[in-house]
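See the structures that follow.
Two complexes come next, and they have one chain in common, chain A, joined by chain B in the first and chain C in the second.
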Partner chain A sequence: MSSLHLAILAPLIVSIFIPLFYKIFRRIHTGWFVLPLPILLFVYFLSILPITMSGKSLIKIINWIPSLGINFTVKVDGLGLLFSLLITGIGALVVLYSIYYLAKNKEKLNHFYVYLLLFMGAMLGVVLSDNLIVMYAFWELTSFSSFLLIGYWYERDKSRYGAQKSMLITVFGGLAMLGGFILLYIMTGTFSFTELMSQANDIFNHALFVPALLCILLGAFTKSAQFPFYIWLPDAMEAPTPVSAYLHSATMVKAGIYLVARFTPVFGEHYLWFWLVTGVGILTMIWGSVFAVKQTDLKAILAFSTVSQLGLIMSLLGAGAAAHHYKFLDENIFTVAVTAAIFHLINHATFKGSLFMVAGIVDHETGTRDIRKLGGLIHFMPITFTISIIGAFSMAGLPPFNGFLSKEMFFTAMVHVTEMDIFNLETWGILFPVFAWIASIFTFVYSMILVFKTFTGKYQPEKLEKIPHEASIGLLISPAILVSLVIIFGFFPNLLSDSLISPAMASILPSLLGAGEEFKVHISFWHGINIELFMTLGVIILGVFLYQTLSRWKPIYKSIPEKLALNRFYDFLIEGVQSGSYTFTKSYMNGSIRSYLVYVFAFFIFILATTLIGKNAITFDTSNVSSIGVYEVILAIFVVLGSICILFAKSRMTSIILLGAVGYTVSLFYVLFRAPDLALTQLVIETISVALFLVCFYHLPKLRKFETRMSFKLTNALISIGVGAVVTLIALSAHSSKLFDSISQYYVENTYKEAAGKNMVNVILVDFRGFDTLFEITVLAIASLGIFGMIKLRLNRRKEG
Partner chain B sequence: MRKTNNIILETAIKVLLFFIVLYSVYIFTAGHYYPGGGFIGGLMTAGAIVLLLITYDIKTVEKILPVNYRILTGIGLLFAIGTSAGSLFFDVPFLTHAFGDVQLPILGEVSLHTATLFDLGVYLVVVGVTMTIIQTIGEDE
Partner chain C sequence: MEILMAFVIGILFMTATYLMLSKSLLRIIVGTGLLSHGAHLLILTMGGLKRGAAPILGGNAESYTDPLPQALILTAIVISFGVTAFFLVLAYRAYQELGTDNIEEMRGTEKDD
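Now for the complex of A and B:
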């Protein structure tokens, strides 16, 4: 196991010990034990930076299921490293912030940090796995940990609602993505991403190309909260603020962006990719920014703003993918879109992270996040105000902050779209810069609302739960660091261009690079007097005007009918599915085990009999049959006699004992056939099940009248005879038809050689087919917990009356 | 429930129980070479406890063996998964077993096998599951 694998698994391993830390060191905030890990990992990933900067990548492989092509392959390239640094860097700041945000004696810190570490490990796994199946597993793990974190305050209705919503939507997308991966496997025969890229041309011409593209985009759009799937993100704000800052703005929601970036070399040349990614992205951006203005909750504004900004990055990636059509590196004006996407990805993490933390501070110190109640906090919280104004100005795209630079590049990229001569862009292309511009105006407006409605205006102490005061230094450190990055990246953007942006671009647009070449990225403030500059000026002027007249035009939002909201549709769908499946299930689940057995066995007979007949599989061959001895005949008579007696038994006790007798007799058969393991197992199982029957005996209903009715007996008789006949037929046919050599010879030869055991049965159980055993005991454990849960729940309810 | 007189069973089980449990442990450890293994061993141990349950009542047995069988199941699963995942640390696929002969003090040369640890997991899960089911159903009156 390499240090890279360990880096991914470290958060998961540490999470096992969190409950111990929490129990043993009650007086120390558990967060302090977590904090060193992301810092260490951040430093570790920084140390890999020189490798990716020189255009190389690091690959380490652990064979997992080599026979299926599933291996735990870790690959660090520019894109993966950029995300790893984001995950660990922001992770460290968020953990530090959470230490001061979550009180150690009120909150369930052991849960919180386990989920958070679970997420961190999973997210690192997503961005560093080269194997699609492994990546999918980590992808779903991020959905699960997000579900757990949103539902952290699970006693609240809204938390549970939000958690369920995010889970349903992201897991639905995840499954679609898995479908896409499997389609890719059908096309190429590999799950390895690196190998996939080398076959990109074959994939492009394959019939399954479009379905795979759609499936994978579905995964990306649900995860990155693109229209119309974004509805889960605003509800995810029920999570504690550190989580919102970490998962739902800086990292997890960018997994979809990552996926799109990753698959650009494979799918990017197709026109569907361009139209879907860019189109949905820009639509999401405008939709999110327009509705962000409507919100009154600080976190809700930030949520919609995140949706909008994710749309922005998405549209840039789509536009950048079109650069594949212009196979030259120098003067390729379309690569600027990818540069802008990556640059804005970093910038967004810095300013949005700090703004979320500020929202958390305001909530923490005043007791509310409602901008209608807030105002005039500038006098109480000057430092918080400073942080938030820098963050918000950067988000609005004002100089000299980093958001200005990436926003300008965004405009450049969108203007370039109109210059493309592919995909009918000559006609419709003009919509992209127009949409981008309108969305940016609204972005400006909500950024201003965020700062000025909170910190300036009239102070309303009567509406606040607490007397506001400046936050403690611990709460301020993390947002302050992020904001200083906003300024540093604003003044020295080229710190990032060679170290992070250029290697990440190489991962997204590899086909444009020849051997030894790299992308030359240079970001500058002043591009001369051009259309982008006028666009920015227009945004500022119109933005200020709209902000000033906000109270006049905001009522327009009220005229949008509630019924058309996507949330209504979601709720309707969920309720419909619930009541529909309830009615359907109710129609055949009548609560009687007898009917269920009838269903099960009737289906059993049907499916096996039709297969047997349909495949013409019934054969009888007596050439390879041993002679029948006296003992076998005697035992068989016992079994038959016992079974017939059960039919006529008057009490349940008698039938249970008779059933046991039949079982013991069967075990004697195994003795005769020299299978001591089976005989032993059968004996013990029989003992235990008779004991179980005796325990249940108390609860079984009395033999009732209707059971003597003819129709009831007839159905049962038919089904029993059917099952018996089918099983007998299968047993005879299985014995008579030998399609291939028995595997037993392999076991005979290898049991001692390979596994150093002499008892073949047991070696098969624990070694050759150990996976089966592992799954079986897991199923057993789940079943026992299920029984425990059902019975205890009923007991408790009875006690409560 | 009405008190029944089963003095013979009560006396006999005090001795028998140890034999059954010892035999089940023997069957478990012998598994790799002779008939037996974790599954049968576990079932037999569970059988011994069930016998105890039938002789006495659930409350008494809980007093004699204050074991939380759900946790026992968990420990068993940890053993099985831990042994399987442990192989990853040695750069071999999941669930690859290792074995070898080891010279131990007193016992002399013994052949050890990681499969036994896996089997121990199976053993614990089987005991835990069987007893959880029987105990919960038995308590529900």
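Now for the complex of A and C:
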């Protein structure tokens, strides 16, 4: 166990102790016990930074199931470290924020922090595992913890609905991804990502390559809320705001981005990868941004904006993957897309995190998040306003904030797409910058709505539940730190370029680097007068125009149906599956024991008969049979007659006596078959059984014939004949084919030697198989306890009666 | 002999199944009794019948019948007795409580408490 493994498992270990802290230190907010952990982890991951900056990676292995190629291998490279820093860094800020957001007296803090830590550990596991199966396990754990956190206020219908929705969609994607991993394993014979990458070129033309690609993209798209799977993210906003800021904007939804980035070296050269990742990404971006404009809930705006921004990053990664086709360009202009993707990933975490926290503050201090009720809060909450305007301007892509830089690079990357001469991009490539530009205009508009509808305009105190006032300092620290990062990264973007962006790019595009090389990243404000600058200017001018005339456009926005077809489809599917399976189960689980027995016997006949026939096991061999004596024939006739007579017995007395007769005959059989112990036991047991039947005889009801219908009898007869026939066949075949020697000779030889007994059956029972007998006695004891209990039991109903 | 026994066992299983599929509780119990007889004979037959003396040392026999199936059946006889006894008392009590021995009438529905 290395320190790296410990770092991943630490949140899971600490989570065990959270309920204890909660119970013992009730006066102290449980969050204070959690806070040191992400800070420590953040510092720890920072200490690894020099290793990844020098282009190396850190690998530690714990053997888990080596025979299946599943090991807990941890690998820290540029990409993994970037995500680890995000997870722990934002994690620390979110925990701090939650301490002030969730009241210690009212909330179930023990639950909350356990789930949160579970998520943190799982997410670290996802981004640091080198083994695909281990990564999958952590991936699903993030889905589960997200489910628990969305359903944190489980008494609300909407929370449960949102939790279920996110769970179903992301786990569906996760399973698809697992399928993709297994396909990769079939092709390469390894679950290790590092080994997989070295074989990437060999599997490119494999028949399973495209199915694996599609499966893995399905996992990424569901997790990162891409079109059309994004529908779970807006509903996930039912979670407490710290959770939304953490899971549903900064980290978990970026797991899909991570997956795409991780697999770019494997799949990136394929045209499907480019078209799907870039196309779906840009479509999601424009779709999300348009829907964000028509929302009225602050968190809903942010949710759709997150969908849109995730689409942006996704499309950049897709475009960047195309750089694989231009290996020999000295200045590979297409890698700028990957640079932009990573840079925007960091930026998005900073500004979106702060905006979520601001939305939480507004909700906390006014009691509503509805922008129709809010307005004019600038006078009450000046600090919150400052934070949110910086965040929103960065999101809109305005200078001098970091969002401006990455948005400019985004435009650059999209414009470069038109210069590519692969995958039919000469004709269709122009769509990408156009879509990107349109989406950016709507991004601008909703960013403005977010700030100005909340903080400026008419103050409507009568619509608010509380009198608004500035948030406490504790709530403001975290968003303030995030927006200061927005400004710092805006002015000094090159702080990130060598430390984080370049190593991460090396993980995404390793084949473009020679030995010892690294990507030279330099981000600058001023690129000269070029098309990107005009695009940004256009966004601002059109955006301001659209925002100013927002009320006129309302009808058009409204004409987009309120209940989306996609959501309807999901609801329809869920209801259909539920009612369908209910009806189906109801139709065969009808509560009648007879039906169940019919299923059991029918299956018995089916499975044994098909096996007998399928394995060609029916044999009939008379060479090895023993002689038939007169007595045996008589006994056989007795048994057969007796058992058939029971079928037609009219009274219970007859059937009990006939059963006894069959039993005694069987014991005579044992005598003839040289089994004296069995004969004795059977005689004793049969006597007791008959006695017991007769004791109950007095109480038992008259034997009535319930079954009257012919079809009923016919089914029964058919099934019983089937069972009898199959058993006869098995008995014949078992006798006729001896696959291996009997083990009985051992007992014959050792009975006296080992156990000093002469009766082999007895010795086997008490010496060789002593435990069997012990458990046999246990069964009898349980049965007798049950009988005793039943006789003593008087149900309440009787007493009352 | 084994061939004959195979048919005897088949008939035992057949009647047992028919009885278990009926609606009367008593007939079901009788059916389980027959089923266990059939199963015991099946195990014994599969091991081969009458291949030597009874499995008790000291008689100077040259060979013995297979002791292992006998040991298995001995356990099975006792356990099937336990189960039959349990079942019988269950039927008796169920009849007392519910006033019927028709299992179709005992069918629990979700509306019942």
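By our rule, the second predicted complex is superposed on the first by the 601 of 801 C-alpha atoms of A that agree within 3 Å, B and C clash if a C-alpha of one lies under 4 Å from a C-alpha of the other, contacts with A are read in each partner's own complex, and residues count from 1 in each chain.
The rule is simple: contacts are C-beta pairs under 8 Å (C-beta built on N, C-alpha and C of every residue); 3 or more make two chains touch, one makes a residue touch a chain.
Keep in mind that this is a model prediction, so the values were computed, not measured.
In the superposition on chain A, contact is made by A:Asn759 with both chain B and chain C.
In the overlay built on the shared chain, the residue A:Pro66 is in contact with chain B alone; chain C does not reach it. After overlaying the two complexes on the shared chain, residue contacts for A:Ser744 are found with chain C alone; chain B is out of touch.
When both complexes are overlaid on chain A, the residue A:Thr773 reaches chain B and chain C alike. Within the superposed three-chain model, A:Thr681 lies in touch with chain B and with chain C [touch as defined at top]. Counting the residues of chain A touched by each of chain B and chain C gives the higher count for C.
Judged by the touch definition given at the top, the superposed model places A:Gly591 against chain C, while chain B stays out of reach. After overlaying the two complexes on the shared chain, residue contacts for A:Leu694 are found with chain B alone; chain C is out of touch. Look at A:Ile787: by the touch rule set out above, it reaches both chain B and chain C. In the superposition on chain A, A:Met1 makes contact with chain B only, not with chain C. Overlap of the chain B and chain C interfaces on chain A: residues 676-677, 681, 685, 688, 692, 696, 699, 758-759, 761, 765, 773, 780, 783-784, 787, 791, 795. Residue ranges on chain A touching chain C, taken from their complex, read 590-594, 597-598, 601, 622, 624-629, 632-633, 636, 639-640, 643-644, 646-647, 652, 655-656, 659, 662-663, 666, 669-670, 672-678, 681-682, 685, 688-689, 692-693, 696, 699-701, 703-707, 715-717, 719-721, 723-725, 727-728, 730-732, 734-735, 742-744, 747-748, 751-752, 758-761, 764-765, 769, 772-773, 776, 779-780, 783-784, 786-787, 790-791, 793, 795, 797-798. Residues of chain B touching chain A in their complex: 27, 31-40, 43-44, 46-47, 50, 53-54, 70, 73-74, 76-77, 80-81, 84, 88-89, 91-95, 97, 99, 111, 113, 115, 118-119, 121-122, 125-126, 128-130, 132-134, 136-141. If you check the complex, the residues on chain A that touch chain B are 1, 62-66, 676-677, 680-681, 684-685, 687-688, 691-692, 694-696, 698-699, 755-759, 761-763, 765-767, 770-771, 773-774, 777-778, 780-781, 783-785, 787-788, 791-792, 794-795. Per the touch definition, chain C reaches chain A in the complex via residues 1-24, 26-27, 30, 33-34, 37-38, 40-42, 44-58, 64-68, 70-71, 73-75, 77-79, 81-86, 88-93, 95-97, 100-104, 107-109.
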